[in-house]
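Listed after this line are the structures, all set down as structure tokens.
In the two complexes that follow, chain A is the common piece, with chain B as its partner first and chain C second.
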Partner chain A sequence: MSAPNPILAVEHLSIAVDTAGGLLAVEDVSFDIRAGEVFGMVGESGCGKSLCALAIAGLLRPPVHVTGGAVRFDGQDILRMPSRQFRHLRGGKIAMIFQEPMTALNPLMTIGDQIGEMFVLHEGLGKAEARRKAIGALERVQVPSPKRRISDYPHQLSGGMRQRVMIAIALACRPSLLIADEPTTALDVTIQAEITELILELCRAQGTAVLMISHDLGHVAEISNRVAVMYAGRIAEVQTGQAVFQSPRHPYTSALVASMPQPGRRLAEGRHSLVEIRGVVPPLGQRREGCQFAPRCPRSDAACKAAVPPFTALQAGGKVSCFHHV
Partner chain B sequence: MPPPPSLRKEPVAVSSVLGRRLLQSLVTLLVSVLLVFFMFSVIPGSFADAIGGEKRAVSAEVKEKLRTELHLDEPLPERFVHYLSDLSQGDLGKSFAMRRPVLDILLERLVASMRLAVAAIGFAVVVGVPMGFLAAARKGTWVDAAVMMLAISGLSIPGFWFGLLAMYLFALELRWLPTIGYGHGDLSHLVLPAMTLGIAPLALIARTTRAAVLQVLGEDYIRTARSKGASERRVVLRHMARNAFVLILTTIGLQFGSMLGGSVIVENLFSWPGIGALLTQAVAQRDIPLVQGCVLLIIVFFLVINTLVDLAYIAIDPRIRYS
Partner chain C sequence: MSEAILPALTVRDLHVQYSLRKGLQTRILRAVDGVSFTLQPGECLGLVGESGCGKSSLAQAIMGIVEPASGSIEIAGLPADKTAIGGLDRARAIQMVFQDPYSSLNPRMTIRKTLAGPLHLHRLCPPSEVEDRIRTLLALVGLEPDAADRYPHAFSGGQRQRLCIARALAVEPRILVCDEPVSALDVSIRAQIINLLLRLKDELGLALLMISHDLGVVEHMSDRIAVMYLGRFVEEGRWDQVLSRPAHPYTRALLASVPGATKATGPGRRMTGEAPSALRPPPGCAFHPRCAEAFEPCRTGSGPPVTMLEEGHCARCHLLTERVPA
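And then the complex of A and B:
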């Protein structure tokens, strides 16, 4: 199902946390992202989506590390690449935005220096030239009066402004892939859409593919070409943004869609509570054999508890990991 | 379009910080002068009693004459008011024993004490910071364990005991360094006292550094720096070091500030002609003006260093500059 020229191919990626037993946090995750595509990744907290993002950017730190699989960027296996070479890609070709704009910027450096550092590192520019280009980068993310703001420190900016600065840093060197790990979760609702729109617009303009990570299925389904739904360390299904929302194939995804609040529905159906998925996500360390969703799944049977369902390719494109998919 | 003025914070003026500091310092000084003054009026024995010591009996008549001469017969509150009014004119009084202005004596002794304090804090920082850094970089390994063991030992071994051991090893056995004394101000005489005075601060600084480095390395902005493609070296030097230093600076300042007061034992042990040795001598002789002077100097030193640390923070940390 690999379309032409995937910019990123993740193959059977597994990530473990080094503890006494060595816990697998992410298992057998495979997907690819095409050049210029917006690829969404959804899941509850702890499902491993952020770990996947950090692994792709080579930013996992002990005690967390990749235990298997490969990540190919533009055909090169980046996990087995010499660190110096990988460093060149990181920031230059693969950029990342994080969830917390309040803490992601160095409090003792001006934002001009922090943006400019990208040009120093990847384009070998001098300080003055880097600063000049940093003003341009700040202008692109629509920060008002960039010439003055360039000398500000992070604590002088609001959360939304800081996230704009993060975007300016990430997109400074026109990367081929932007990993956005819940870039709007920590922001006020009123500016969330603004920031998302800014990211998408800039990436579209310069042909940057986006891996958009979120816990909000509706949000991701709306903006992504394709979406991967993760549950307890594995991919449940991959479909186009529209299909994943309108015709989810994995019972987990359909339960997620069913549980989304819709204005007026509760009253119309005479219910007193929102629809929920019964049970809880198995915590890391208490995962079981077979499909992790089986205990909460209305369709599960003995087979689900015995083995992990292999992926079934869907006719309309995409894949689903379920013996009894919808 | 310029942002509304209320959103842009203006830098804090250094002078206002200094002014506030000065005011606080004055109160601290006043309280401590009061404390020392009345403490010495409560403890038994006066200069007139102490002058003879145990061997020589001084006649009651001589004692009485001395008491009058030194105004020791005046009521305490009156003496205190005199002292304060002299002090406000920069007059620290005359030493009972040496019959010379206290200020002159202090200034003579200050050089020796400052040399010792600067050498000791220098030793503590130059050795302690890299040690803590190394422990953090090798966290969880035997290097980390060894450094932290040394740090705990440094904190718990009494200074005079460490000094005696060092004296025995380097001066008596190896004969590399002189045992005691100031020499003629040469460096070889400075080494052992400085090490002895610096060992506890060194241990504390090493521990603080380790904790600071580990804390900063766990911050989100370090991950951001790595995500930019910065080398580990650059991450450490440009992003970690300054942030960690902000956390260590207070410890260094406090340790340096309390060094004059902490030098009492070391100066006596090594016969170092500084403020600490002078203070012990003055206390033994109940030489109240001299004791007052020493204590004042020790406090002023502490306050000055703390003010310098505050100013350093303003220079380093923009969050303070604009808050």
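And then the complex of A and C:
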């Protein structure tokens, strides 16, 4: 395969939380994102997906830190980059949208100043020019009457509008990579589709790659080129968006799909009983040797409990970490 | 005529209002604005709508947590007020399961004490039998008897939600109001709670009022579905009627906003904009500013009347009255 050079390559990334013993929250995570690609990352709370995002954005703070691996952005290892240099990259070429727009925006600054700041910091524009470009940025995210809205404070906007402002800030300097960490989870169902579409449309138009992080497998599978499914700090499988939902290869993913009440399914097939996944996700302090899903897995045997399964490359592309994959 | 079973719950023309004082002005917020429905024993009514549409206010009025401004609530044919079913009687008839099982259990009480509380309060069994009853309740929700000695912190989210359900069932209610019972839980354990609620509904003949924004969950669980918009039911019917032949443009837009749902329900138009505030509802049909199909009559008056479409399926929309000759 002659794929174009990835814009982002994560190689054997491990992240630990410093406690008495030192707990590994993310272990040996590798994936890459090609220019302009939408890459989904799904998993339940505590699986490490957000930590991966923060590591890529260089936002991990003690007691959490990277213990191994590399993150290459456009060929440069950003984990070992001087922080002054990284600060220039972050916000400019690597942008981020968080789940809760209210806490991510500064309540004491008008939204115009917050968007304009991007142009001042990253493009060295003057105030008046930055303001003019901020109005344009607001227009692109479809905020009605941007000229008037520019002097509003975040509290004057609805949740959906705030998230649009966040998108305007993130995409202001035409980044090559946008990290979107559950960008629609805090919003109403009806707004969610609109905001997701807006993010994807703008990114497509300017060739920005997206790392879309979510707990909603169905949603991410629909919009992503490829999806990584994470479980308890490791990648379980990577497949194309369509395949991960329709023919999941890791027992965890296939159990997850079978356990979800999917819209339209009862209408089409009648009520089926949902498959329950026994047990719970192991808490960080109680992870064990071998495959973390083994205690809950119908296919597990002694081998699963002894060693972490290596990745098997799938014929149709992608990889799965399971001795007994589907 | 077929023999009528007494409905578990009858709500007639219910209004819930909050008065908000701002300076010298007092404004009325109509959270629930004339809602009527019945709920049969063993039936699950799924209630969907965006945040702020009045779902939770309706649930609170039914529970007796807020006093309705007007309208009536009957439980098994008896008015839910001081003359017939008030105070403790009402609490015996209706119980509630909340969204967040972490904040709805007292962290300083053992499970035994939590479950014994309602048994003592309602004098449901002699002290010598309390222990047996607790064991039965725990078994009913799939927990081991030794759970009684532990505190809430020792349980996972799914187990805590089971405990909340056990506590609600301690008084043998006829009606269980569930406000987003699975949305705070990890995806891999939601199926357990959904299956449990459905089993209890069938085994105990419980009437379920199920509030959820997750249309997959609502489709899977509901016998009937009500769609709420700004304080009113805009559509109500059997689950398959509402999902396969949605009559109200809002219902169609809601279904279209769910990833994957369009395959089953056909193309629907997504809506634009956000729900208006219940403090300043638009004149006419409250949905008209967001409705792609709105025409003249939608913009004035007090909103469209209820149109009966089929047995048990009705909606409030001018488009429907136009088609049906008076």
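The definition used in the following text is that the second predicted complex is superposed on the first by the 311 of 326 C-alpha atoms of A that agree within 3 Å, B and C clash if a C-alpha of one lies under 4 Å from a C-alpha of the other, contacts with A are read in each partner's own complex, and residues count from 1 in each chain.
Simple rule for what comes next: contacts are C-beta pairs under 8 Å (C-beta built on N, C-alpha and C of every residue); 3 or more make two chains touch, one makes a residue touch a chain.
From a predicted model like this one, the values you see are computed outputs, not experimental measurements.
In the superposition on chain A, A:M230 makes contact with neither chain B nor chain C.
Between chain B and chain C, more residues of chain A are touched by C.
Within the superposed three-chain model, A:A25 lies out of touch with both chain B and chain C [touch as defined at top]. Looking at the shared chain after the overlay, A:E276 reaches chain C, while chain B stays out of its contact range.
In the superposition on chain A, no contact is made by A:L202 with either chain B or chain C. Judged by the document's definition of touching, no chain A residue lies at the interface with chain B and also at the interface with chain C. Interface residues of chain A facing chain C in the complex, by the touch rule stated above, are 44-45, 158, 160-161, 188-194, 215-219, 222-223, 255-256, 259-268, 271, 273-277, 280-281, 296. Residues 1-3, 8-9, 219-221, 223-231, 234, 238-239, 242-243, 246, 316-319, 322 of chain B touch chain A in their complex.
Taken together, the chain C residues at the contact with chain A in this complex read 50-51, 156, 158, 186-192, 194-195, 213-217, 219-221, 239-240, 243-244, 253-261, 263-265, 270-272, 274-275. Contact residues of chain A toward chain B in the complex are 57, 59, 87-92, 95-96, 98, 100, 103-109, 117-118, 121-122, 144-145, 148, 153, 155-156, 166, 169-170.
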